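In this document, chain identifiers A, B, C and D correspond to the written order of the chains, with residue numbering beginning at 1 in each.
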Amino acid sequence: MAIELGPNQYGKAETRVVRVYRGDGERHEIRDLNVSTLLRGDFGDAHTHGDQAKVLPTDSQKNTCFALAKEKGVGEIEDYALDLARHFAGEIAPVRSARVEVEEYRWERVSVAGQPHPHTFKRTSDEVRTTAVTVLGITGRKGGASMAWVVSGLKDLVVLKSTGSEFSGFLKDRYTTLAETSDRILATSLTARWRYGWGGRHKSWDEAYDQVRQVLLERFATLHSLALQQTLFEMGRAVLEARDDVAEIRLSAPNKHHFLADLSPFGLDNPGEVFHAADRPYGLIQCAVQRDDAEDPGPAWDSAAAFEG
Amino acid sequence: MAIELGPNQYGKAETRVVRVYRGDGERHEIRDLNVSTLLRGDFGDAHTHGDQAKVLPTDSQKNTCFALAKEKGVGEIEDYALDLARHFAGEIAPVRSARVEVEEYRWERVSVAGQPHPHTFKRTSDEVRTTAVTVLGITGRKGGASMAWVVSGLKDLVVLKSTGSEFSGFLKDRYTTLAETSDRILATSLTARWRYGWGGRHKSWDEAYDQVRQVLLERFATLHSLALQQTLFEMGRAVLEARDDVAEIRLSAPNKHHFLADLSPFGLDNPGEVFHAADRPYGLIQCAVQRDDAEDPGPAWDSAAAFEG
Amino acid sequence: MAIELGPNQYGKAETRVVRVYRGDGERHEIRDLNVSTLLRGDFGDAHTHGDQAKVLPTDSQKNTCFALAKEKGVGEIEDYALDLARHFAGEIAPVRSARVEVEEYRWERVSVAGQPHPHTFKRTSDEVRTTAVTVLGITGRKGGASMAWVVSGLKDLVVLKSTGSEFSGFLKDRYTTLAETSDRILATSLTARWRYGWGGRHKSWDEAYDQVRQVLLERFATLHSLALQQTLFEMGRAVLEARDDVAEIRLSAPNKHHFLADLSPFGLDNPGEVFHAADRPYGLIQCAVQRDDAEDPGPAWDSAAAFEG
Amino acid sequence: MAIELGPNQYGKAETRVVRVYRGDGERHEIRDLNVSTLLRGDFGDAHTHGDQAKVLPTDSQKNTCFALAKEKGVGEIEDYALDLARHFAGEIAPVRSARVEVEEYRWERVSVAGQPHPHTFKRTSDEVRTTAVTVLGITGRKGGASMAWVVSGLKDLVVLKSTGSEFSGFLKDRYTTLAETSDRILATSLTARWRYGWGGRHKSWDEAYDQVRQVLLERFATLHSLALQQTLFEMGRAVLEARDDVAEIRLSAPNKHHFLADLSPFGLDNPGEVFHAADRPYGLIQCAVQRDDAEDPGPAWDSAAAFEG
């Protein structure tokens, strides 16, 4: 029996890159990103012998995030992440695969006298657009071929239905005290991530993102919910039906409980009007919806989270 | 020399009240609040002798937040806070003054096929609308007169100008290394709180809030900034010029630094295009703008923060 | 009626200064600080005219935090804060008063084979030691006299009593549903801040801090609590009785509710054994305990919080 | 091509269970836990048809956490988690496997006059002890056999070496500007999780936890670090060498950068004395260390994180 190094990766997390585009006159565009890089490859000696000869410093990775924001620019975050990942997988010899994760924070123009201001912006919602790109170098290195997986997503999309949701007919055991309900508040803070397939075609990452997001919102709104499980599955199915470039979607949704306040001690009726929004505990519902003929996801879903729990 | 009880107050913090209004058919309205109550008055015995006879439990205060949300309803948060504070100051004998602070989280309707959905909502930005109401019972108790102060506000309004801001001509000491700049990013997460005067008139709290917020945004956008100090003062002045019902406004603004990335080691120019958004430290600029004839603020600004630092 | 600038202040918040002392051989000491500076004085022109001639950049203030950590060193945080505040109030002409707030994070040595390691440390609890020093320059400037106020404290000291706490005999109104209890869990996350008087004498700030902290803990432990109000007052009184150099102490304590789990539906008794630790809402109890002959606190308690709510 | 349900799971997250043991007289013990349950099994109909007949409500799962804390008690968290997971996998027919994750917050007794107090406690460090248990029901259900995997761990263990760490000899590319250093601060907030093997023997989970934690701390302290990669690998190796009941350990460590303050503009030398503790970005180093003959981990590492990113 021997002790050996297992899976390992390293990189620079949460580099906060802000890119300003100064167009004609004073009209600017901005992209506001949080960028994390993770490299995998021939790094065993760094672990087992402290030998850094093959280790590109995380500081250099950070510099690369800034430099490529200038050299290649920051358009759609998927393209920027692919640029970065291909750079690391293609140019840095010991790197076998590179994963680049990007969060994008959204800004909208401040309105002045009814007109959008050319260079003043306001953060829109907390909702974050995400992408996680994995590029695997194949042969040679420099100039060699590569494979790429793109998982795009969103998180912290907080939605609520004040009716149109029930929960009944569930399994009861000896610890069950929950009453059935035919009308409750359903609320969640959605995390959705979808993997693009090889064969699909889309006009642009932005266009795809916008449509997936809208389909998720509309399905959440229009489905009469019998359970959050059903809502998630139907949201996922609607995305796959709408877009043949999406191979799989994963959804994670805390059930943000809103409990009806008990006003009966005060002689008050409460027909679905006054609620207490609880923090913890919360239900947590997670599912994937996928095509039965989808390609194997490969390393598409392998993130830093696997080491953290 | 004796040891004595000094200023004291107690209450229930962060009761999360969600109020649903079920209108005609399926069209709902929601108000999503975080409510804190603080009572001051004849509570010395509770401290010095452990005698609770005059102490209304914080649990009862929480119940009152829910009950009044039904009995009186939740319209504009200032009115709801006044209802609560007047209840405590007027109905609970030992209470001399009551302070009620409310945060309101904003939701917008989800759009389905271009139409706003009747009962499905999406959280808008992190920006929070606030109010802090103080009611002082005057004489008698039940039915007695009272005085009220209303401070309304907003927080976590994150705004950014990608140009139109400079910082130069500043004082230099032997620890000064900062370069002067005629073009920088100016960004902040604004906290603004304004005190309504006695004499002012307004159509509604909502109307006043909307205008103050818009004036703040427009002034931030349109002023060519020579310093964040100047920007804050001008934002405050514009509010007071626009509304004679506002006696005073206090602004607190972290200077969320965006540092130009140094790309020169890579042979790249960076004319205001690629920035690093820093977390800490940050500048912090705070000022009040007021009318020279404003009434004394009384207890309007006395919050729980005074005990916390 | 005119619109004018009211109270204002500015500075650099949350500069993270870590100071290493390399003693004989390999035995190191570290001080890990979060430093915020706030300057008040002749800064009206910066607000009203954008004129920076009297404004020392917050960047220079940050540099000063680092430079003085070398030039004067970082011993007890009160002395370091006084050094900084006296520097700003004494050396920077437009500054009328300077406030410096310091948080200190505590580290203990890692134990190796039962011995404390010379240069490896582990963060101890989340508890933070604090100080807030205000220095008012009096006349002239350079070399002029000054007055200083020192408020020391701690925050995030989380304590719990699993018995020895009751709550009964309280005022009941029509919204009261809480049951009286003669045995409950009492838990809080304490914020305490105490102001040193002019006349008191102490061996060192560290010694004073250690004693105050220990008195607070012991009184919390030994007092049979009839209410959190009583516990806080007695904790404060004990501090003032123990130390004549403390003029006043302010305590702020969330009542971190632990609710008995209702196990009766499962045929189980629960005599104070299984609890649910709730997040929100929470009671909030705040009081000051002071000497009746204490000097006026002057600006000792004026912090950035006054502008934030 | 069809659209189908993929992997899915659901449960109740973050139930805050506090268990008090009232021993002889007034001497109490407490366990303070954050418990999350995740069930996997025959839940397809809930997703695809909204049929809840096989769905045990997350509310019942929460109740079970409280009830078992009474019925079976809360000793070592691994045993409590196993009790819960075996209950769900064994008693709830549609459940094929159950995962229970527990965080434990540590308390120590407050010292009064040098003696530990019987029922007053103080939170120790932010460091959290964790376990994640997965139980797979095998056949039948009630009374059927089961397999169990136990992953124990810790997180938020913040450690720092003020010397004894270097970083040099690394790969340089055209974006590399980092200087080599033979003496730097090395600091991290460690997450470690170790999987117990089938064959190992240990006296108790507590004993195992204590030893693993101590080995991690000692190895961090004593190893002269050539890189964080090396430090992590050696920490993991030391654990596996010390305990034959550990099959594998996974370590995730942010490199909490401490940058030497540049005091040269002020004419000051800074030989490793004054540092700026940076927030973001940070290096992130992750690795597993394992036995080459370890059993397949099965579902041991499958957590909620896989759906969140």
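Throughout what follows, a contact is a pair of C-beta atoms (placed from the backbone, for glycine too) under 8 Å apart; a residue touches a chain by one contact, two chains touch by 3 or more.
Here the structure is a predicted model, which is why all the values come from computation and not from measurement.
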Query = Degrees of rotation, nearest 5, to put the Cα trace of subunit B on subunit C?
reply = 180
Key: Selected interface, C-D versus B-D, where C-beta contact pairs are more numerous   = C-D
Request  = List the centre-to-centre spacing of subunit B and subunit C in whole Å, with centres computed as mean CA coordinates.
outcome  = 23
Task = Take the average of all CA coordinates in subunit B, do the same for subunit D, and state the distance between these two points in whole angstrom.
result = 38
Key: Between subunit C and subunit D, centroid-to-centroid distance (C-alpha), Å   = 31
Query = So which bits of subunit D are touching at least two other chains?
reply = 15-16, 63, 67, 175, 177, 265-266, 279-280
Key: Parts of subunit A lying in touch with subunit D, wherever the complex brings them together   = 1-16, 36, 38, 43, 46-60, 62-64, 67, 91-92, 94, 101, 130, 132, 153, 155, 167-173, 175-178, 191, 193, 225-227, 229-230, 232-233, 237, 240-241, 248, 250-252, 254-255, 280-293, 301, 303-309
Query = For subunit C, which residues count as touching subunit A in their complex?
reply = 174-175, 177, 265-266, 279-280
Interface residues, subunit D side, partner subunit C - complex = 15-22, 26, 28, 30, 32, 63, 66-67, 69-71, 107, 110-113, 117, 119-127, 157-164, 185, 217-218, 220-222, 258, 261, 263, 265-266, 268, 270-279
